[in-house]
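The structures come next, written out as structure tokens.
Shared between the two complexes below is subunit A, which has subunit B as its partner in the first and subunit C in the second.
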Partner chain A sequence: MTLSVTECLLAASREHHDLDDYAGELSRWCTGCGDNAILAALQRICRDEQLAPERTVFVSGIGCSSRLPHYMKTYGFHGLHGRALPVAEGIKIRRPDLDVFVNTGDGDCCAIGTAHWIHAIRYNMNLTVVMHDNEVYGLTKNQTSPTSPRHLTSNTTPRGAYLEALDPVSTTLAVTNVSFVAQCVDWIPELVHDVISAGFHHKGFSFIRILQRCPEYLDGHFDQWKSDPERILLLRHEDGVEPSPELSRIYRNQIVHDPADLRRAQEIASDRDPIPVGVLYRNDDVPCYEDTRRADRHYGPAEIGQALEAEFDRFAIRPANNNHDGGGR
Partner chain B sequence: MGNTTLRPQTAPAGTTPIEVDEHVIDVVSDSGEGAQKCGQSLAAIAARSGNGIWTVEIIPAEIQPPARSIAGASGNRVRIGRNRVTNGGDAADLVVAFNDQVLAGRVAAGELKPGCIVLLESMWRDDPDPAIAAGYVSVHDALVADGHPVYEIPMEAECLQIVADARRGKNMFVLGLLCHVYGLDTELADEQVAVALAKKGAAVVETNQRLVRAGWQWAAQHLDVHFRIPATPPKQPQIVVSGNTALALGVMASGMEVCAMYPITPATSASHYLSEAFERVGGLVHQAEDEIAAVNFAIGASYAGKCAVTITSGPGYSLKQEAIGLAVMGEIPLVVIDVQRGGPSTGQPTKAEQGDLLSAIFGSHGDAPKVVLAVADIEDCFYSVITARKIAEAFNMVVVVLSDASLANAQQPFQRPQFDPEWLAPPIDQSPVPDGLAPYDWDDRTGLAHRFIPGQPGGMHTLTGLAHDRDSKVAYDPEVNEDAIRRRSLRLAAVARTLRPPTVTGDQDGDLLVVGWGSTRGAISEAVERVRADGHRVGALHLKFLQPLAPGIGDILGRFDRVLAVENNWSDRSDDPIVDEDNRRFSNLAWLLRARYLVDIDCWGQVRGQPLRPGAIAHAITARLDNERRTRR
Partner chain C sequence: MKADVDDLARFHLVGHRVETELPAATQLLPALLAPYRDLPALRYDYPLVLSDESPFVEPLADVTNRALQESAPRGRDGERLRQNVLRIEAEIRRRMADGRRGSLGELWDAVALRPQADGDGGDMPTLSLLGAASAAAGRLVDCDRDVAAEVVTHLWAATERATACATRRRIDELTLGLAGILRAHDARSDEGREPQHLRASLGGADRAAFDFDAWSEIMRSAATPPTISDGRRRRIRSALEVLRTQRFVPADDDDVDRAGAYPFLFRSCVAAAAAYRERMPAMVQLVKALAIAELELRNGYRESESDAYFDSFDESSLTADDLDGFPSYLVCLTDADLTADELAQVTRILGSDAPINVVVEVRDVLGEPGRRRPPNGRSPDAIIGRQLGRMAMGAGTAFVVQTATSHIPRMIDRIHAGVTAARPALFSVFTGSTDHVPGLAPYLVASAAVQSRAVPTFVFDPDAGSAWADRFELHPNPDVENGWPAGTVRFEDAEMQRHTEPAAFSIVDFAALDRRYARHFATAPPQTWHAGMQPADHLVDAALDTAELGRQVPYVMMATADGVVHRVVVDRELIRIAREYGETWRSLQELAGINNSHAIALVAAERTRWEQQVADREATRPVEAAPPATVPVDPGPAKAAAETAVPDTPVPAAPAPDEPYIETVRCTTCDECTDINPRMFAYDDNKQAYIADLSAGTYREMVEAAEACQVAIIHPGLPWDRAEHGLDDLIARAGALA
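For the complex of A and B:
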């Protein structure tokens, strides 16, 4: 059957998605909240990749940042505080055909969800994980987070945080099976897009930490870096991200960093001044859990019936009187 | 040391076998000596001959308890009956012990009937260590003084004639002994050995068959203990599995494809078995980093596909509670299996208790309606999982299946299931969602809604654990919140509408109704039969569905003068001086039924870590009835 031109055009337009097709509810984040930049980047990536909204799932935990799935017009799963990763793994294990993104906060990921974060790195499932790191608890109104710098005052540490901050990037790089780690700051939209996009293209667990401004509770916290491009270190490489000429004019503090170099990545990772941005590490050879577990196997009633019969045979009590054929099954 | 002489202190039986309806036989050893395999093989042989059987593993609390220790008994209890056996029964009629200390442990725990026959390894009497020899003599003499016929058997010496390491052979020697004592077919024993040791190769099988025959011959020459338990060979093909294996088979048969778990006794063996079996049907067992991860993983899998299952025990169940609430809120089908153990806290990992009923029903914070059902026996473990999956997907609900340690490792034959493709989950719906349909299109009457699965065009929405409206939009509006809670609750009423009134066994009205749930069904009905034989009018009601409760229960309760809930969990004893009717804490089910039916339900239970015994239940029932009679007078 041939389609008329209008039918073809209709079909094509139905299949082509523009930005609006990914825009869910209007975001309710505070004005100037860095989460907005991450949302914009994700919508652009969906559009650039022409992801089918129905085959895309954004999974999150609880926190300001975890509201993000509501602002997308894809499938979304806004679960429990700290538990986004196991939910995303469960989705991916049975549905490797879906593109699954995870949005998680620093409390969500590095406090209550720590066990899941470490193990998710080890499972290395094909997930794109964006950690919105505002270095404070936003939703619960200004408490210290594991990533808060020492001496930061908050409602739970009015005299300043007692502990050194946990560094999520170094930590991730130290875990068995780490396969992709990137970092960016929310105020360089082009780069936010590019690092998340690189993560999306990597097959495996892509961990992307975005330093994110929270003007509500940490107003000015990142100002010294934001106002001085020299205090941003741009990591460039053909296997990572290559900044545009425009960007390079502003951010001139650049080095070539080969994402295959884990040792070097670990050295760079914990630097805070300048803040390294770009792809720190990438290894395409780490097996994905869903592949190892052969998650794409699906069996129908005939196979299940057969397998069950074989199991029942194993446990069968053969009546004693009608066969004495010795052992066997 | 040579052949120690046999010392039967009393002659229990002549050479002609004594016919009995049933016997409870314990085989105990240090762990690693194979008493479990001996007991299981004995049970299998009896089952194949057509006897009813029930086996319970005797498990020491530690992996490697010290040898010859009172707490170290490892082995099997086998109850063999003329008819179908529904529970582990009371104390033992006959016990075989590989050393005096594990036997002493069993005696101290009250596991021996008065007059229980004892077959005891005699080597310890001549042990070079005088302390060991003295210990043996003291246990032996105490048993004899208590009137137990004790047969001292040189198991070690006899086995050494066949194998170099008697520790690896005694169990089969004892199997041969027991086959002779119970007049079981040696050919069947040979076959059983071949099946049980198939993996170990022909030479091992042959040696073990020789050991079995040696035991049999030794008994023929030296033992005057002979019983016969009449058997009727089964007409239908049967299978014999443990409760946990039956649960795992049920998972396969229900078409669930993902089981996420974290190891915990006594639930783990279900996942062990499933891990292997799933390899052949494309499902997978995911061992998560903890129970919270396991349940969330299962929820993710369910959300994006077929209903998934997570298997755990009490401590893990507690950890899963928050996520269970999420599944309730999101209306995600999910099966949660809780193989209960002794609680609270780490409690008694290997021991039986039914203490999780109320936390299963009410555990998650807020109003989180879910279906809770309990398995009654081994066969029921299999079918309950299939039922649970069906309900979970038909109503988009969480279904909790409660089993417990008394079934986990117990074995009982049942009719071989006939696979029915209807058991399986249908393929997931990936068709476009019609325009205008909302993700929570709650039906006004039943509260039921559709389930949109990722991949369905037009169904995009964000599922959330926050209060939400029909469009799955976060909503703090008072009307919307109350309406949503109402609909989620209505679905339980809808499930209840599909249930049939339960049946009462024993008397249909009269003096006392015993109500129970879960694994105690067999023991309760046996107890009720015993009490009825004494002339009391007593009925038994067993509840499979605990939430929602089936219709008609109120009427049943009303037909009896008194109602007694019998459970393997704690209830305050009314005779404790500071306990009165205002502060007495009831057993789990008693709380539930009192609240629901406004009936003054009494309760009786134990928390001894053991399955409830029919004898103990019968005793409790009789005491209640006598008490009643006294107060009436």
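For the complex of A and C:
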């Protein structure tokens, strides 16, 4: 195995990054918010993988979760509500060499951004998508979201939510070209790290739903699962995640689940109690859209200008011949 | 006077055939080969279809099989279609044997759309009807003298197209990236903030609305942003210049003529090697420019180290990875082209690391009979053609494929691997197309050469591993475990009684095809057949002592065009030649691990040692009922299971209950505890909380933090300062958290 000249020099000039090198502004999330655990896990992954900050992008939409790019000292794009995925796709198709993460929330992804979400799964671009699901709109102060449980009382549903919650994991598993689906809860930091890390290493659209506490508007909402490890079902597999002995000591309710088994993943995903956590599905063979649509060559501004001119010329009206005064010019 | 038994022995010993008594064997074919005489009537793996899509080279039979599998209905409904397609395929084969050439589409249509004679089956399907329209553009080639060069060139060109496309793309990307750096910095420079520059940056109609002087003034009043250094600008410009003027890949992927780009296809190794040397400085410059461009774009160019490195950048700095994207060279030769200079150059190329592929069409492997090998100068015979493959393997650095044209279809993937390998490659291919074998299709001659071990097929791939077992494949030779491939000849005698006689197809059978070797053969009339006659391959393999000479007469079974089987006696000289080929084959077998002499000696020695141990044990054993001795066996699954068993993982013990502690690995970084007392609680390298300084806080803060902790991982223990106020209440609250 030889290294190219570039790789040798890059290795020689590489700087080691500590976790603090990835820490941006001080977080403005509420104390006790589960988003902090996700942020810490993402910073750890950046450090563990020694991602170059200038070649890493965090893209988000709108919501509490979507403030995350501000707290990373990498490139970031705090986008429009529900539009994190199209922005991330645009970045990825133009710059497939960058590592692109997406942070989205239950409202951002499953309400206003649903169309983008479904098609992003189908495109299967190499993105690591972390869906912070606290089952409520927190930034706008307590409204029902698509994943809120039925009967949840909020500012928009004072008599309780009328509909059953949407299950983002089952939905994702049902979409064409799904290639990586995982679920986790924010109060098991080791697993949050390992699951996102597995998603990062998967080449394709990695959808990771993290159930996350909102101490402000849904205080105690996850307490029954948080306080009882038996109500967490840990999915372990060599192709998914393998929990540490320390974690296994606390979370004994475990099954071996092969992430290649889509049918079984769909069965497991439909359960809410106990909450299944780990990698539900992984298929490395689904082609990535950026590879399928990879242009044979790149075009510079001059070529693009030329192509545009040619296109505009098609709309120009010219006289049929010089002798004939056929107007329209 | 009729020939008798003694004439056979005499012929074998001295090689003189008295024409009137022992007839020549010139009109005969080896009995094992004779049934294939009418080749075009058989369905075999020629012609080949050369197409622009993977797998690039495919036998016509595979194309039609696939088309039928995909489009012909199962059962009787599809039977008619199948019959017609096979009929078209056979007709194409026949026309190609008559010299017709063209694309698959042309030949198919010429057959399928011709007026049908009555009872000819009618309704001949077109390729599009079969769903195989995409194959129509493929060019058909038959097993003739140039097929090896055509196939290798075709695979090489396909590989080169992909490589050039990828390299072109990389160069384009880097060019755009570098130009972008310059453009961005130019826009921020003083010149970039001049009014005329700002004016040029704005679209037509809106220009009137702007005062560019004022705009420029405002822009200039702002602090000058850091701009690019002169050194960096020079470096980028110079790299851009090299990228824009390089000639290794064409400027446009669609440019089939490769205008302005170097040619890489040669007819001589001397010319190819000279071109490689001549282009080396340009290659070094391009690799350097690519590396500088990538470092610039990946923010990895450190002037302190990189400048010095690139100042002394030369040929020796290039790595195999850097050369990967460059085109490889292809040289097409025949064995007749191998002059002393050319041969010396081939040897140098194969021992180098230059990606030069050499395909040699070998047209003669037997050579003139009776000529000794000269120690210097050009070999007059076919020695080079016969030995080139093994010589190349000796260099150890080149990818080597030796085969015959008949076996190309079975080795397409290996040939493809050879042209793709980033190292020199040799393809030594026997064409079977020779004037010395009249009246026999080149495919059959080539097949016979492989069958008889005259041309053993093999592949040597230095990238496949470090051991011979990984690198060397003796494939796809028939009956590879044995000396000569075994067959059976079936015939009837004059009394119409059926006979079956085992026969091997040896090098003697192959020599029987070659008219230069006719004098080594004599047909034995049936009345001279006797028990002392031995199949020739037996004698080739046997170590005969002098006393045996003359008692045993070697023969091969041969057949006339109308199927009459003869025994043909072989002279001693040919048996001697045949032994050389046998030796060569055995040494190849050893390399492939078949009957390896080292392994056999080792096993024998181990066996003796083990038997001695058993004997010693028996001798020293006290007199009692001894269990029977057994051969030691592999420890097998039991041992394997023991090795894979998961050891019990130690779980760290929980700290003592009266000491405060945090289960740090479970911390969710929610800031609750650090908000209460950031000196007592702190985050570690993983941004998870631990007790940094117990003395920096109170037991009350500890208990409050534990109560606030979202995941209940703070265990307050017992107070460390007994003087603290309100301890009873705090201890009770802490107890509820334990």
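Definition applied: the second predicted complex is superposed on the first by the 281 of 329 C-alpha atoms of A that agree within 3 Å, B and C clash if a C-alpha of one lies under 4 Å from a C-alpha of the other, contacts with A are read in each partner's own complex, and residues count from 1 in each chain.
One rule holds in what follows: contacts are C-beta pairs under 8 Å (C-beta built on N, C-alpha and C of every residue); 3 or more make two chains touch, one makes a residue touch a chain.
Here the structure is a predicted model, which is why all the values come from computation and not from measurement.
J.: Just to be sure I read the superposition right, which of the two partners does A:76 touch: subunit B = first, subunit C = second, or both, or neither?
T.: So A:76 only meets subunit B here.
J.: With both complexes superposed on chain A, which partner does A:273 reach: first (subunit B), second (subunit C), both or neither?
T.: Neither partner.
J.: Just subunit B (first), just subunit C (second), both, or neither: which does A:284 touch?
T.: It touches nothing on subunit B or subunit C.
J.: Which partner chains sit in contact with A:36 here, subunit B, subunit C, both or neither? Use first/second/both/neither.
T.: A:36 sits against subunit C, while subunit B stays out of touch.
J.: By the touch definition at the top of the document, which applies to A:230: first (subunit B), second (subunit C), both, or neither?
T.: Neither partner.
J.: Who contacts more of subunit A, subunit B or subunit C?
T.: So, of the two partners, B touches more residues of subunit A.
J.: Report for A:164: first if it touches subunit B alone, second if subunit C alone, otherwise both or neither.
T.: Neither partner.
J.: Kindly classify A:55 by the partners it touches after superposition: subunit B alone (first), subunit C alone (second), both, or neither?
T.: It touches subunit B and subunit C both.
J.: Per the contact definition in the header, classify A:239: touching subunit B only (first), subunit C only (second), both, or neither.
T.: After superposing on A, A:239 lies clear of both subunit B and subunit C.
J.: Can you list the residues of subunit A that meet both subunit B and subunit C?
T.: The overlap between the subunit B and subunit C interfaces on subunit A comprises residues 52, 54-55, 297-298.
J.: Give every residue of subunit A touching subunit B within the complex, in rising order.
T.: My answer: residues 24-25, 52-55, 57-59, 62, 69-70, 72-80, 83, 85-95, 97-98, 115-116, 118-119, 293, 295, 297-299, 301, 303-305, 307-312, 315-321, 324, 326-329.
J.: Which of the residues in subunit B come into contact with subunit A in the complex?
T.: Interface residues on the subunit B side: 44, 47-50, 185, 187-188, 190-191, 194-195, 198, 205, 233-234, 237-241, 245, 249, 252-253, 255, 257-258, 260, 277, 280-282, 284, 286, 288-290, 292-294, 296-306, 308, 322-323, 326, 413, 416-417, 419, 421, 424, 452, 454-466, 473-474.
J.: Quick check on the complex: what are the subunit A residues that touch subunit C?
T.: Those residues of subunit A that touch subunit C are 2-10, 12-14, 18-19, 27, 31-34, 36-37, 39-40, 43-44, 52, 54-55, 186-190, 213, 215, 226-227, 244-247, 249-250, 296-298, 300.
J.: Using the touch rule from the top, collect the residues of subunit C that touch subunit A in their complex.
T.: Its residues touching subunit A are 165, 168-169, 172-173, 175-176, 179, 253, 287-288, 290-291, 294-295, 298-302, 305-306, 309, 313, 317-322, 649-652, 665-672, 675, 685-688, 708, 710-712.
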